[in-house]
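Alright, structures below, take your time with them.
You will see two complexes here that share chain A, one where it goes with chain B and one where it goes with chain C.
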Partner chain A sequence: MITGKTTLLHYLSFSRPVAAHQPWPRFVLDEAAWRGLVAELAVEDWDVLGLWADGNEIHCALRDEETGEIAVASHSCTDRRFASLSQVRPGVLRLERAVADLYGLQAAGNPDGRPWLDHGRWGVTHPLALARRPPPPAPYAYSFLPVEGEGLHQIPVGPVHAGIIEPGHFRFHCAGETVVRLEERLGWVHRGLEGALIGKPVAQAAKLVGRVSGDSTVAYAIAFARAVEAASGAEAPARAHWLRALMAELERIANHIFDFGAICNDAAFALMLGECSVLREEILRICESCFGHRLMMDAVVPGGVACDLTAEGAALLQDMLARLRPRFEELVELYDNSPSLLDRTVGTGVCTPALARQFGATGFVGRASGRAVDARRLPGYPPYDQMELPVPVRQDGDVNARIWIRIEEIRASLDLIGRILSQMPPGPLHTPIPTRGGEGMALVEGFRGEILVWVRLSQVGRIVRCHPRDPSWFQWPLLEAAIEGNIVADFPLCNKSFNCSYAGVDL
Partner chain B sequence: MSAALWQILQIALALALAPGLTGLVRWLKAVLQGRGGPSLLQPYRDLYRLLRKEPVVSEDSSWLFRLAPYGCFLAVLLAAAIVPTFTTHLTLVHAADLIALVALLGIARFLTALAGMDAGTAFGGLGASREMMIASLAEPAMLMVTFSLSLLAGSTLPANIVGFVLGGGIGLEVSMGLALAALTMVAIAETGRIPIDNPATHLELTMVHEAMVLEYSGRHLALMEATGMLRLWLFASLILCLFLPWGIALPGGGFLAILLGLVTYVVKLAGIAVALAVFETSIAKMRLFRVADFLGGALLLALLGTIFLYVSEAV
Partner chain C sequence: MSLLKILARDLFSRRRTETPPPVDGETLQQLAARLGETARLSLGRSLSIREVDAGSCNGCELEIHALNNPVYQLERYGLRFVASPRHADVLLVTGPVALNMAEALKRTYDATPAPKWVVAAGDCACNGGLFAGSYACLGGADRILPVDIAIPGCPPSPRALLSGLLTLLEHVAVR
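Take a look at the complex of A and B:
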């Protein structure tokens, strides 16, 4: 079956396509074709963009790195089992564990049979499966991967931390100060979002998806809106696209600036956090006066946007651009001229390009390790297709590289905002979503990386199934790899430079 | 008679000013970072609040855990009592010298490290091992500074060194400069300041001193916090007394001299707070294993100071 160089669509074209899946095709693979897909993945440069279940069906979103083709492969599980992709795409491992927890579909060949999201405290087992099961009598005992050797000791950290951050458990195996292995255990803030989405009207579902990860609310809202628009065949008006991009870039800048300060703060360089917090606060306040909400929650809705940018708002933004740029450049200079700070960031927490590629990392984690992927450019969506968009890439993969990617993205986004403000066309803001069934998928660049949302609508326009996939799924495992061989005291610095979302993967 | 009075005043001054010094440094750092900053009284309020709270003690801890805060506090307070701040006319000033001071600080550190490991938490052990690594490098440097100064002044008693410096016993001395640099570096390490440790961090994994006292609460925590504040005050006062003694009243000075000593002391202390705040704001914390280079440098400087003494004598 393995033929060497095949394109993704060519391979899938032998299977049955599904009508009404937009904008990319979906194919239903039989047992042999699914196994063949696993074999093809071992030799082809196809990225797995996501893996989720629906009833007894398993879906896998794929992208051909060479041709840029995107497609979804689906497979009906017999006996509630499917061939695992984790051996050829290790980034999928936790997605498969999550599918097993939520749907009870087992990935045959996945070496890790431990539950992921389900800690045994839900009151039900397989909550989204066609046949639910009663809960276990006691919470699951979780065994961390064993590490053997002389003089090793464990340090358990979290899920409750000394600072006010999201909950996650980190288990360090150390030899003295050196980390031999880090293992993450997440799932502490599982909210049952995917279950809550089922059966909701589109407008209500949009609000839920906008809260998957609060710091990326605009990107999630855009991704959901685009998926719904694709599924229902609606096209948002031109001005709405431009306003969405404006909000997305504002969100990106606010988050990147805060990360920049917070990473420096973890090296006890508190001055940077103070300065960056002021800049972020100014941006958030302007967002509030322009769009009515500091984080611009619910400003993007399926079919368009909920509020327009007034002339005063545009003037505020222009004014902010003029003030922000020089102040930000001063901070960049301060960073670049602080040897004590660079001593901490350069060479710390290296994630190799090979690993980033293997795990399909996107966003600043991927771009700092040589992956020039950006959903705004490929597959691209309006209005970015009408603008030149630089994609900064570095090869070092250390904390310093991830800081510089952020710095360059902030610069690029400031330019983009300026261009959006000058080129934004007038016009309506919203088109109604027609009430009809269908399936849609969208890929949107949030500040962390590519956010994927897949949605299936019923004939009456309600959500049958919606799956939001956070970019952090493919970044959390890389943090484990990046910290290896570093010292325990450098973990906060590495962790902050990845800044993965807990809520986004806990769902 | 008056020596006892001034001694009591000295101890009261240590207790009264130590939280204020910490508060001042915190406030200055906040201002430098563009924040409003907490009130100067906040450390006093924190200590008052903690003292009224019931301590929660782990079931797995021993008597050592409960004893350590008192032991640490008393050892550092005693050390604070023998450093002349506004006068050398003190009862205890002849009772203990700089070597005893190093020993008293060592006792406090030893107790803190044991207490950190006592409850058996991972962070306590982590902090204790880091603290001991730092101490094993800081103490030799501190002792070397002591030797350098005592060779110069002919005594290890702080009061005698003050008298020697004020009496015009030295001009511009290279050894004094090297010793000052070394003692400052040791002081930064011993008091857990940036770039060695970050007293304001919430990141458990990067903590040194804070990791050892993570398990403490209530009045135990108050005593541990007070010990930390006293230690900062002590090192600030030690640097002032050994290298900037001008203004300190010598025995036989009148009431006016004492008053002058008090005023100049408070001004000098505020100066140290400003210097510390500016330094801490302008630098990031160093990678843990760089601490060895840093303190090795301090030891080397102090050693050079001693060698220079012999060299200048030989010439």
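Take a look at the complex of A and C:
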């Protein structure tokens, strides 16, 4: 069976398919088939797109790199244990630890038994499991991985950082100024979002999913809407798809421009941050004029969008395109002609293509390290399936490469906005979501990369289970690798070039 | 374009910085009633702010960041963000206070020298917002710290944040 030539769907076709899972199939694997899946993953080019639990069941979303096939493999755990995928897909390791914390399902073979999201402070253990357990008597003591060697010292940082950023703990082991190992400990902003979603009507759940990671609110809202539409068999009207794309590209540009400035600022080039933050402010104001909210929160809803773009709004956007392009290109030129800046970014924080591939990284982190994945193109969704979309890729994987991928993506998004404005069809904005049960999944390209949302709806249209998977799950571990051998002082620069979400993975 | 050209253009072009939003008189009166005259300080109309994310979705942080951009330019009011709570007069708290962050928040507060003020920014910090009732959250900054000013919004706009902070400044600083 293990030939290295099996396709994903062929392998899964030997298991029982589940009705009413859209738009991709889901299969229920028995013990042997789940173990077989782990073995197949060792030899096949299948990406693990996500891993989450539901009751005693474990679900794993997969994509066959070669054929583009996408499917979900499910397995009912006996004794609350399942065979771990982490040995063949290391990016899954923290997802499995999160499953153990929230559902009490143990991944047998996962080498890291430490809790991840659960710091022992919740007043309950396994909060989403069928049988919850009482909390530990005291918060868990966390033992960081030991590092041995002469003259090594530790630097603990966080959870409260010096700047206006999200909380996380970084444990550096250093030899002099050089980082020997970085270990991240996250989970500080765990809000219980997946628990809060259970039992909610779709409209309320949409607001919550729009706040998984505030900087990606539009992308999450689209992913949730598409998953709900798939589950309930609704199809958003054409104009809604175009308006969603318009908002998604505005969100992408606003974030990328700010990142561009902030990365340069962390290389002590403050002027760039000043210029970029003014550009960002202008974009957010136009978003507010067009869609009623600076970050466009709650503007995308299941079934369509909540507001239309007026003629005045379209004119504002056209005007923005005309003004933004030359000003942005000036800054790109400045970046490219500042040797003191390039000296900090070139060759710093390298993530090799092999690692990016192993961890299934997407977004600018993946594309700066050789992975040409973009959910807008594959699997693709409207209206991007009607437009040509360049996917910039580089192989160098350093801070400079992650900056250039952002620059290329800003250029592409500006073009896309121009095309959306000229091609957007007229028509209705919203279609009602039929009240019926079902399961749906969506993959949407946020500014950080591929966002996955999976949803199961009850017969009365409420959320039975919803899992949002942030791209940062597969990028945070790479930051640990990229900083190795760099000096501690370059950590902010590397960290900003990754710009992973804390809220998105802490949930 | 070269660095010098950009600098020269910025120097001679129209100012980007905007006029400040009005201070909220009602909140000011409430503050006065709550804090009394004793809390006033000769800070020379300047406050140092330490931001603490206690479970935010990061939306609030984005708008707090915007306060530093040249359009709002917080520092011209004597308000500035500092890196350590030990240098701070004000804690600006966001998020519904995730239980995993509660101790860190409390310790940050304890490390801030008195007199000190707490500003809850965003619906989450005001009352838990959409996360009120979650097993993982306290449900608002006032569950663990004495909150002096609450700035609602999801997220509050930079102007709303600025207005709240200026109200506080107006109250605490003796002219």
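To be clear about the criterion, the second predicted complex is superposed on the first by the 506 of 507 C-alpha atoms of A that agree within 3 Å, B and C clash if a C-alpha of one lies under 4 Å from a C-alpha of the other, contacts with A are read in each partner's own complex, and residues count from 1 in each chain.
Please note the rule applied: contacts are C-beta pairs under 8 Å (C-beta built on N, C-alpha and C of every residue); 3 or more make two chains touch, one makes a residue touch a chain.
Computed from a prediction, not measured in an experiment: that's the story for all the values here.
Peer 1: Name the contact category of A:20: first (chain B only), second (chain C only), both, or neither.
Peer 2: neither
Peer 1: By the touch definition at the top of the document, which applies to A:492: first (chain B), second (chain C), both, or neither?
Peer 2: first
Peer 1: Between chain C and chain B, which one touches more residues of chain A when both complexes sit on the common chain A?
Peer 2: Partner with more touched residues of chain A: C.
Peer 1: Could you look at A:177 and tell me whether it touches chain B, chain C, both or neither (first, second, both, neither)?
Peer 2: So A:177 only meets chain B here.
Peer 1: Examine A:213 and indicate which partner it touches, taking first as chain B and second as chain C; both and neither are also allowed.
Peer 2: second
Peer 1: One more residue to check, A:429. First (chain B), second (chain C), both or neither?
Peer 2: Neither partner.
Peer 1: Considering only touches as defined above, state whether A:155 meets chain B (first), chain C (second), both or neither.
Peer 2: Only chain B; A:155 stays clear of chain C.
Peer 1: Classify the contacts of A:338 with the two partner chains as first (chain B alone), second (chain C alone), both, or neither.
Peer 2: both
Peer 1: A:295 in the overlay: touching chain B, chain C, both, or neither? Say first, second, both or neither.
Peer 2: Once the two structures are laid over each other on A, A:295 reaches chain C alone.
Peer 1: What is the contact status of A:266 with respect to chain B (first) and chain C (second): first, second, both, or neither?
Peer 2: In the superposition, A:266 contacts chain B only.
Peer 1: Taking the two structures together, which residues of chain A meet both chain B and chain C?
Peer 2: In chain A, residues 162-163, 271, 274-275, 278, 338 are touched by chain B and also by chain C.
Peer 1: So in the complex, the part of chain C that touches chain A is made up of which residues?
Peer 2: 1-3, 6-7, 16, 51-66, 68-71, 81, 83-85, 95-96, 98-104, 108, 130-131, 133-137, 154-155, 157
Peer 1: Note which residues of chain B are touching chain A in the complex, please.
Peer 2: That would be residues 29, 32-35, 122-123, 126, 130, 194-195, 198, 200-206, 214, 281-290 of chain B.
Peer 1: In the complex, go through chain A and note every residue touching chain B.
Peer 2: 153-157, 161-163, 177, 264, 266-271, 273-275, 278, 338, 340-341, 343-344, 487-492
Peer 1: Taking the complex as given, what residues does chain A use to touch chain C?
Peer 2: 119, 121-124, 127, 139, 159-160, 162-167, 187-193, 195-196, 207-208, 211-215, 217, 258, 271, 274-275, 277-278, 280-281, 284, 294-295, 297, 330, 333-334, 337-338, 501-503, 506
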